[in-house]
Amino acid sequence: MMIGINDILAILPELIVAGSVCVLLLVDFLIGKENKALMGYLSLAVIFAAAIATWSMTRSGSLPVDAFNGMISVDKIAVFFKVIFFIATALTIMLSLSYIKDKNINLGEYYALLLFSLTGMMITASSSDLLSIYLGIELMSLPIYALVGFRVRDGRANEGAMKYVILGAFSSAVMLFGISFIYGLTGTTEISGIAEALRSADAQPAALGIAIVMLVAGFGFKIAGVPFHMWAPDAYEAAPTPITAFMSVAAKTAAFVVFVRVFVDGFAPIVEQWQLILTVLAILSMLVGNTVAIAQTNIKRMLAYSSIGHGGYALLGIIAATPEGTSSVMFYLLVYAFMNLGIFGVIVMMNRDKSGGELITDYTGLAKKNGALALVMLIFLFSLAGIPPTAGFMGKFYVFMALINEGMVWLAVVAVIFSAVAAYFYIRVIMLMYMKEPEREFSYARPLSVLIVITISLIAVILLGVLPDRIIELAEKAVGIL
Amino acid sequence: MFELADITTFIVSISVFLILFVKVYVVAAVLFSLPIPLTWIERKVAGHIQVRLGPFTVGPHGILQPIADTLKSFSKEDVIPEKADRLIFILAPLIALVPACMVFVAIPFGESVTIPYINYELTLYIADMNVALLYILAISGLGIYGIIFGGWASNSKYAVLGGLRSAAQMISYEVALSFAAIGVVMLSNSLSLVEIVKSQAGGFWNWNLFYLPVGPVWFIIFIIAGIAEINRIPFDLPEDEGTLGAGFSVEYSGMKFAFFPLAEYIAMTTVSILAVLMFLGGWNTPFPGAPVVPPIFWFGIKVLAFIYFFMWTRFTFPRYRYDQLMTIGWKILIPICLVNLLVTGFMRILL
Amino acid sequence: MKKGRNVSRKIEGGLIGLLKKIFFIDLLTGMSVTLGYNLGKSITMRYPHEEKWIPYPRFRGVHTLNRDDEGRELCVACELCVAACPTDCITVVPEEDLTGRGIADRVPKVWTVNLVRCLFCGYCEDACPTTAVRLSRDYELATTDFSRTVRNRDELLQPPAIPETVKGGVVVEARYDKKNMKVRANMLRQKDWWKSKLNLG
Amino acid sequence: MEQIFFIGFAVLAIVSALAVVSLRNPVHSALCLMVCLFQVACIFVLLRSPFLAVVQIFIYVGAVMVLFLFVVMILDIRKVMLGSLVGKRSGFVYAIMPLVTLEFLLVIFKGGLGKVASNIPSGEEVKVAVIGKELFTKYLFPFEVVSILLLVAMVGAIVLAKDRDEGA
């Protein structure tokens, strides 16, 4: 039962991040108010170090590693997701460098909280026990609560953060209740143990249904799946724009890790029980996300609903409940990370003046003034809508393929129909940019870091759209198909 | 038909129950009569420290004064302010008093005595829990609700301020108090008070107080936090006469008011007893070679000395300001606690 | 410059201060002082049950009307005291008397002083040409009977409880006469009793 | 005997929990919540884990509720405001509550709760030393994560409450 060096090595990336944040919090005292960007660069270095540690773990070929008496299990899926987290967090930090200075919320704790959240996500990704999964999710959420309300003088930010915190606490409680049910029914919180107990049981008690409903509610809140999505538009609008990007990408991805771990792995023996619930959740998410987005005037709210819809698509891969489905979800989330961060990068650029960039009408006639920016925006929007040469199309394609291979053709058809609906509001923005005359002068923030983020995202979106094979191969290797 | 064995077990179980009942009864009786000598002693100490005589009129040297006070409290009009929250206003003094008394379930007054003639070994505690120390800290912390609710229910701004201060003070000092308790648990390797006392047997150099260098630090932290816990000068901000009238109890009168000092005296005794049990070897004799006296004698002497110490400090020091109180709690006591905890841990492992 | 000097002084004081704080020197000093008081003697006077304070002769208490060595009243009812009184608390009504009651043929028929109004300034004493009015050292004026606040001539002619010959400034043994509600000091029974008390400090 | 005590504690806990959500006055609610938490602690004692019971009282009843009351007393929620706190659709909530209760009862009594469970804990009293040992061996990782979690909560709270000169 003693803790050895292997246990420490298994969580080395997490340790690097968590340990350096504590140091960074102290370093923050030494850095003057004007040079807080240094904290950002240091944070990037920390992420880089953690990424190297993760990479060296895959090199050593010892995966999967079990540690801490079954609390932690680092496998290739975990590594894949961690890479998404690293990318998302690093790009978010680069988006933030100039943004928080412009908005005068230039505090070193901003980066520290982001890194704490990253720690939580990494723990979630490599957990193999409900207890550590829950703690990882909480560790991910708490800093985001604080970051959403970071603009404390802004009433809107306070309202959004308040809603998020209260509903988040409530969902955590529901989640814990579900976990306690599972523990009571199976006598263990270890995911493999749960699967074992469920497999060996002769009958499935009805209480298991309640536990599943509660877990779906708790985790569904984190991916903003309908009907647990109420917080999302308010919180997305309230948060500083880079944080909105972070929430919609990283936090959502972390919640999907949980779905992969708990539902696809842990509840594998009772797949019929949760498949139906998740199907309802997915269809509702796609329906509400894609239709309500049409009515939005604020681009952050629109993207919030679009994010709800994308959550629905990604859930489809979980519903397939096959290794292929899992790998398609992983690929989808990676693609989603790039395209969403890219589009938020554009919004950050447009956020220069006080009201600018928040309303959809602010983009009217952008193409006439700044063709390059409009083109970039166009590509990201096409990708979000799932239009062929872009990565978004490939992501959706693989998810649908996984569904069809499982024989759930009708669900794939429904999803495609919703995709078509979704295309409407993405293309509306493009119409505004290209077909209308500009009504005002634009002023952009164009710091190098944001340009880099947009460039990286752009290249990734196009490359993943044209040549997805290598990444798909990685994902399939991770889930053990190849 | 009853077997003989059945009847004997029945008698044994009944007698066990009876003995328990008697113990509880005795402890309760002592607790409720405790304030009578204590108020007298306190007023006498107060008098002499201020070069006065203290109560002198009722009975020889005023010894019957507390009884007169009690009678006065009983006969006073019981006022409930018009816009007060009646239910909570009435409940608050009880909430203050009940936890203070509940604590004594877990307090040992000695190990055991053998009653002559029937040769029965009587333990001098009601229950020896294996979490006694935690239980006492937890339950005695509840007494604060009497003050908070009393202050709130009075519907008076001074009372509310008293309640608020009390809440903040309690949160700040509970931490240090618990740390001191943890220190003692580390030194004695048990949460049971009987075990803690046993571990300090054999002369005063074995007491936790003299576990150098960490023992005295824990002791001082415990005393400071303990004084703050029972809201006595210099930490009696909830009832700060200078700025709040009488603080949380400003709207109370008669017997309801009397419950608050009653609870305070019982809490003071609790803290004294805890300090004796945790640091001063409980009922162990300080000098093993000295003539044998009953252990309860040592216990009584030590507790009385502590009670005197609390009175002594009360009439020596001025009250701290509110921000000073918070500074002492968070910026001085807690960091010292953390460092001391580390040192204690290392000493326990290495020595 | 100035700031720097302050800082250095602060550190010096701070080092000693820190040591003082660590060992609670100031608190212990305070506690030793109070312990000394606690063990020392109390200065409380248990008036009226056991002790009573005898004021110095200069103390101004209730008025007395004096007589001369032959027992004649010194007051000649000249009403100068009435004139001098700032609060008009003295009433004097003169009458002619040839029986030798007073030192002159003019004596007061009424001589009252209202002690509620009187502020014991002693102007009457100064104004009196015959030293008939003196302020005695009686200070136990509390009463539940309002009529007792006005003292008339007969009462004032009684010799004061504390004779002028007693030096004063001492504490004497006393007891409380519950029936008459009076404090009886038995100083006169024991000659020079107060002196030994004085020596005790 | 134990059953009687359990039913007593459980009923009191449920009644006080209902009171927490139905009472209008936040201080009354807090008082009821205290009672509820206390009953839960009592049930822990019946379950042979006095340590958990004491910790429950220590932390929840002793410290957390004090903070709640502190906030409630500072907020000074008046009766006028209380009306606005209770939503207009409370009828809907009241309709759902018995339904959920019914569902739970059905599940508990008809659903064969505990059929899957294999390792039901024994009725032995849990010693503190055992808890400590488990916490620092088997559950070391969650324990450490919790410590980071608390640090984050602290940092977050300080960031939000910190005085800063920020343009709107």
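Should a chain be cited, it is by its letter among A, B, C and D, assigned in written order, with residues numbered from 1 in that chain.
What we mean here is this: a contact is a pair of C-beta atoms (placed from the backbone, for glycine too) under 8 Å apart; a residue touches a chain by one contact, two chains touch by 3 or more.
Remember, it's a predicted structure, so these values are computed and weren't measured experimentally.
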{"item": "Chain C reached from chain A - shortest hop count over touching chains", "value": "3"}
{"item": "Co-neighbours of chain D and chain A - touch as defined", "value": "none"}
{"item": "Pair joined by the larger number of C-beta contacts - B-C, B-D", "value": "B-D"}
{"item": "Chain whose Cα centroid lies nearest the overall Cα centroid", "value": "D"}
{"item": "Chain whose average C-alpha position is farthest from chain D's own", "value": "C"}
{"item": "Separation of chain B from chain C, taking each centre as the mean of its C-alpha atoms, in whole Å", "value": "48"}
{"item": "Chain centre separation (chain C, chain D; CA means) in Å", "value": "70"}
{"item": "Centre distance in Å when chain A and chain B are each reduced to the mean of their C-alpha atoms", "value": "54"}
{"item": "Centre-of-Cα separation between chain D and chain B, whole angstrom", "value": "28"}
{"item": "Contact graph of the chains (line, ring, star, complete, other)", "value": "line"}
{"item": "Pairs of chains found to touch, sorted by chain label", "value": "A-D, B-C, B-D"}
{"item": "Contact set on chain D toward chain A in their complex", "value": "103-104, 106-108, 110-120, 137-142, 145-146, 148-149, 151-153, 155-160, 162, 164, 166-168"}
{"item": "Chain A - residues contacting chain D, complex", "value": "1-3, 11, 18, 22, 25, 67-69, 71-72, 104-105, 107, 109-110, 112-113, 116, 119, 123, 129, 131-132, 135-136, 138-139, 142-143, 145-146, 149-154, 184-188, 197-198, 201-210"}
{"item": "Of chain D, residues touching chain B in the complex", "value": "25, 27-28, 31, 34, 50-51, 54-55, 57-58, 61-63, 65-67, 69-70, 73-74, 125, 127-128"}
{"item": "Partner chain B, residues of chain C touching it in the complex", "value": "24, 27, 30-31, 33-35, 37-40, 42-44, 46"}
{"item": "Touch list for chain B against partner chain C, complex", "value": "45, 47-53, 56, 220, 312-313, 315-317"}
